[in-house]
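Okay, handing you the structure first.
Think of it as A, B, C and D in the order they're written, each chain with its own count starting at 1.
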Amino acid sequence: GILERLDAGEIVIGDGGFVFALEKRGYVKAGPWTPEATVEHPEAVRQLHREFLRAGSSVLQTFTFYASEDKLENRGNYVAEKISCQKVNEAACDIAREVANEGDALVAGGVSQTPSYLNCKDKAEVKAVFRQQLDIFMKKNVDFLIAEYFEHVEEAVWAVEVLKESGKPVAATMCIGPDGDMHGIPPGECAVQLVKAGASIVGVNCHFDPDTSLETVKLMKEGLQAAKLKAHLMSQPLAFHTPDCGKQGFIDLPEFPFALEPRIVSRWDVQNYARKAYDLGIRYIGGCCGFEPYHIRAIAEELAPERGFFPEASEKHGSWGNSLSMHTKPWVRARARKEYWVNLKPASGRPYCPSMSKPDGWGVTKGSRELMQQKEATSEQQLKELFQKQKF
Amino acid sequence: GILERLDAGEIVIGDGGFVFALEKRGYVKAGPWTPEATVEHPEAVRQLHREFLRAGSSVLQTFTFYASEDKLENRGNYVAEKISCQKVNEAACDIAREVANEGDALVAGGVSQTPSYLNCKDKAEVKAVFRQQLDIFMKKNVDFLIAEYFEHVEEAVWAVEVLKESGKPVAATMCIGPDGDMHGIPPGECAVQLVKAGASIVGVNCHFDPDTSLETVKLMKEGLQAAKLKAHLMSQPLAFHTPDCGKQGFIDLPEFPFALEPRIVSRWDVQNYARKAYDLGIRYIGGCCGFEPYHIRAIAEELAPERGFFPEASEKHGSWGNSLSMHTKPWVRARARKEYWVNLKPASGRPYCPSMSKPDGWGVTKGSRELMQQKEATSEQQLKELFQKQKF
Amino acid sequence: GILERLDAGEIVIGDGGFVFALEKRGYVKAGPWTPEATVEHPEAVRQLHREFLRAGSSVLQTFTFYASEDKLENRGNYVAEKISCQKVNEAACDIAREVANEGDALVAGGVSQTPSYLNCKDKAEVKAVFRQQLDIFMKKNVDFLIAEYFEHVEEAVWAVEVLKESGKPVAATMCIGPDGDMHGIPPGECAVQLVKAGASIVGVNCHFDPDTSLETVKLMKEGLQAAKLKAHLMSQPLAFHTPDCGKQGFIDLPEFPFALEPRIVSRWDVQNYARKAYDLGIRYIGGCCGFEPYHIRAIAEELAPERGFFPEASEKHGSWGNSLSMHTKPWVRARARKEYWVNLKPASGRPYCPSMSKPDGWGVTKGSRELMQQKEATSEQQLKELFQKQKF
Amino acid sequence: GILERLDAGEIVIGDGGFVFALEKRGYVKAGPWTPEATVEHPEAVRQLHREFLRAGSSVLQTFTFYASEDKLENRGNYVAEKISCQKVNEAACDIAREVANEGDALVAGGVSQTPSYLNCKDKAEVKAVFRQQLDIFMKKNVDFLIAEYFEHVEEAVWAVEVLKESGKPVAATMCIGPDGDMHGIPPGECAVQLVKAGASIVGVNCHFDPDTSLETVKLMKEGLQAAKLKAHLMSQPLAFHTPDCGKQGFIDLPEFPFALEPRIVSRWDVQNYARKAYDLGIRYIGGCCGFEPYHIRAIAEELAPERGFFPEASEKHGSWGNSLSMHTKPWVRARARKEYWVNLKPASGRPYCPSMSKPDGWGVTKGSRELMQQKEATSEQQLKELFQKQKF
């Protein structure tokens, strides 16, 4: 089980970001970001799981991100109607388990934030949404549960409380930065609330780059220490550099989601992240949006000395570039060493572009009219109003 | 057939870069860059073919890049010994055909430049290497043939001559920029030699970004016009921005191959490229290293008006970002329009990095001692000498 | 008098940075940064005063920066011996008064931090150093006094106490950022101590860019309000962009002092600064290192509506670029408007350089062995040790 | 005389850019860029001459740039009417001679391109304009003559022919890049025409950065060699980095003229330029717009070994930063060496700005309606039309 591993001091490596990876492969739609590919194209989901397993993931998360009934039915995305929430979640569990059995991985069932919460539904209503997914996870007997990608700690606590009903271990991550949740509750306080609600593992996922995310987890750690609470720490940051983000993270950046390429982190950035995370005491180390299999492999390679083994995919990779000794060109063979890659400052090849952007920072949050969700598609009129606002 | 399509004025969309995509997925080793995954992990190769097909590729190239006997046996990469050249090539043909049959795609067998040529073997010897692959392509009955990734026109001509023996249509692309081949032969002259040798389609692939590659194809077109020769034009550039490259292309850039992330082109860059390629008269439009399925989809979406249809993968994509109208956050919904993405200058999020790099430019080419290849692994002593040279 | 003007709500415009401007003109040595040019080349000092007066400065500071006896005699700079501290200070007063009389400006005598303090001399000894300069200011009858460029509030307080003995109004500025003085005392607390010591005007000068400096003054303002103290606010920031600075300011940046060119602020940056300073309630607004006459003119032009008049030098300048309507080239005439310049993001023309640097951050401060000063020149051995340290 | 010096193999150091330096000091108006300061503020002009002399200039150019009758009367700049062309030119000669006599410098009278030429006046009319300035130079007995800042070789040749009538040595520089003059005449051909017209010294000034300018002079040198003509070479480039310029040089850059700060070259850039210019065989080495006294000093310091002496201003400067050994802070003392400054890649401190810009490139030249000049100020209506054009 996950807790046995962590309690024994083992390093648990998470997987990477499914919605972004599958969007690039053609199976997920940016905008709704829902996982109906589990039903529509199981072979594509299966293959991505396999790649993460091969890269070193100790946990395969069911591809159930945003797979709550209300989200599958939001803004003109009629997945619940066309496929059904149950089928999407069940297929996700089946695929994850199938691939996990090919190796030594655990399966984690995951829930994430809901339109219902944004629409100011009450506690019971929001909890019912989570419980619907939990029922499937229990039926499919996942190994543990993750409540992830929460911007408001109140909702995250509700999710943990529901998941905790199962008796299975619960991990909880928020997509927040050092400034805390959308209502200004600081990371340390968020962590305390989550642990009190029943989470055994807490941390952050998504929205910020590795460096910023580690800063946030550090604040969580300090909050827990001050409150004399114990929990394992977890980090699943973006694979994008976001030094210029505001409180809302990369969603606010003008490049989100279709021009983030120049921000993608290299494998060396990830090795650096893995080492820092380890030094900070984090033992559940993974990634989120942007993390491709080779990024996860970089975590596994960096921590191979501590773990005592390399992942399978390292057969096709030499530590710190040493496979380049097999390159045809002599000047590329000269790059077959750590010193070269550690010191390199990679150019963007974009001399007409800046290095940082001003985030949008509209500052709306739960309760703001513009954040209310709806079943029907965004209307032309609604879009027009947004375009207007964007300009000023 | 390919020529019927092109002669009829159809736009043919190529696929993207297998070695780079599969390196990131964990199945190809950077350095040797050889395609033994066709035998070791056919499911991974099959899935990538499927994604390109779904994204709009009209042609699936057999994953036989660098699959010549001598390359599978270079610098300590004992694939020929462990698996055999024949099996790698046969499996590649089988997989490509299997997926092509799932749609309406053609299968192209491909050969590329060889260590034998760099090692100054004579014409007959080099041709024998190509013929070994051709025999398999004929047995597996591919639809047409591609000689690609040649830095020296002399070797490319030899390849075309061999492929032409088959009676099948031959396409030929060189990985050169506007400065011409490694011996300084200009693009226009290269194109003329290739057509005279029997190629029906000529152009460039790899080594340079879309803008630079189009410049090169333009020079080829002008060379053919001046020589009163006719051929279809083809372009398969990198998905990396390389305004700072020298003659050798991205291989010379200090970021090659493990820190190219900030240079990755966006889907909007690709739409721009597809339009320019079309306007230049190119009708075989694809990509090379760095091109992921979503980049190929961008070509297909840009040229959908001319082609009259969208690719399957567009089900999960809205033209010019319109799927963002389904996003939860209002300021992201405000990005659901072409004007936004066309005008955006994406930041790199790397304020400590420059925008351009100085390429290595060692200037060695065929005949240079350091470019001689060998079966055994690069020795420690050889590496040490290269590290010395790198510093000065 | 200065206080009459400020009490009446008048905007007082300071002058710019003499040591940097005269270093570029060939009269000040970077390293010692001492003002012996007042004796050696009075015409050069006089001309610079005139340019600032013409640009709109309401105050001319005597060029007595670093003109304390101990600093004129530091590390092999034998000015005290060759010229004498008295002559340097007297000449500075004479020149400033001469030019001030050509207009309507006040003359301020200035003292700055001393080697004696860094060398851990006691309060009485350090005060004696300031008193030596003060005697000359009194003899030459300057209009008021400025204690500027202090990194340690303790020394600044001593300076204010000495200057206050004169009965003249005293202004005090520290070269600190939002993190406070070198011993970690926050800006608000620094301001409180300075006012309690007798300063009527407090603020910051040097070391940080306009934006950062305004942040610091804001903290000072809040500190004073919390302590229910009253004082006028003053800002004289750098004319260099320093978003990447640590606590020590631009001295820590690798570009200091000979490669700061790409960081120089434009006149439009300065107009922006002047407006923000005014809105923050600052009424003594000037500049420090890097501020050339045209930067001071930009303050005067931005605040011309509030002040009711333009400076003399605006005869040769049109507000917001309108003089460009007289340009020969039509596309330059098209730039004759505010909208153009406000929206421009100026390129550096340096595609191989980054936009930010990592500051040195050695973290030494008063009491650190390496900060002890000495009369004799830095020895070869001492330099060697520093070069060693720089590398690691 | 100038030719004796050059013939003897001496290195002649020119001065820097008066209009830009004095614009920043408050005495020249950007737009008209005319030198009436010689009459209005002789002390400011005198001081700048002194600074260049002190920095190492062997030649002081009369500040007669754009001082032709027709330019002093252009677009609402009524200098000819208010002061007179004669007085401006005479004062310029007197000031230059006065300062030259303080050292060992020569005085050069300079003429530059005219509105008359742009307005398609004929050869005789344009020559009359030059002759008016020449008469004053002869009366004031300057040492030699310079025809500088010509965009069209035709007009430059006319200027040389006029100046040659005097019997004095004539130097001629064009403000062109490697693409040649505004009508497309290549640099080599321009140089040949100028030498045939009577110039003893030819080269380039203004419009491009040092690297680009040296490239242009190299083409001129090759043109002269091919034509078997002999002449001394001269270069006076910008002190701004302009790798992104088109044919028209920095005038086309969006930053011209009020946001060029991030492009300013450092003293180390100038030392690099001076060395390259020397190695190319150029012996008249100076600067143009942006060159401040410390930039000229950098030329003199770089070439001190060849010249056998340092300029006076080096008293206040240590070669390659060695004066920093006198700095208070230890980490700045660690920068007291060449290796440090040669390797530094200076940051811009502007993470929201790009490194390169797209030049305007309107492509108008002599004969284009929009380039016709006029005595009266640009009207509101004319400006409006330009603003329109700028947007599209």
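Throughout what follows, contacts are C-beta pairs under 8 Å (C-beta built on N, C-alpha and C of every residue); 3 or more make two chains touch, one makes a residue touch a chain.
The structure displayed is predicted, hence computed values, not measured ones.
Farthest chain from subunit D, judged by C-alpha centroids: A. Counting C-beta pairs in contact across B-D and across A-D shows that the higher total falls to A-D. Computed from the mean C-alpha positions, the centre of subunit B lies at a distance of 48 Å from the centre of subunit D.
Centre to centre, using the average C-alpha position, subunit A and subunit D are separated by 58 Å.
Residue numbers of subunit C whose C-beta contacts span two or more other chains: 244, 345, 351-357.
For subunit A in complex with subunit D, the residues that touch the partner chain are 244, 351-358.
Considering their complex, residues 345, 351, 354-356 of subunit D touch subunit B. Here subunit A touches subunit B in the complex through residues 23-32, 43-44, 47, 50-51, 54-55, 74-77, 115, 118, 209, 240-244, 251-268, 292-294, 297, 312-313, 315-318, 321, 323-337, 340-341, 344-357, 360, 362, 364, 370-371, 373, 377-378, 382-383, 386-387, 389-390, going by the rule given at the top.
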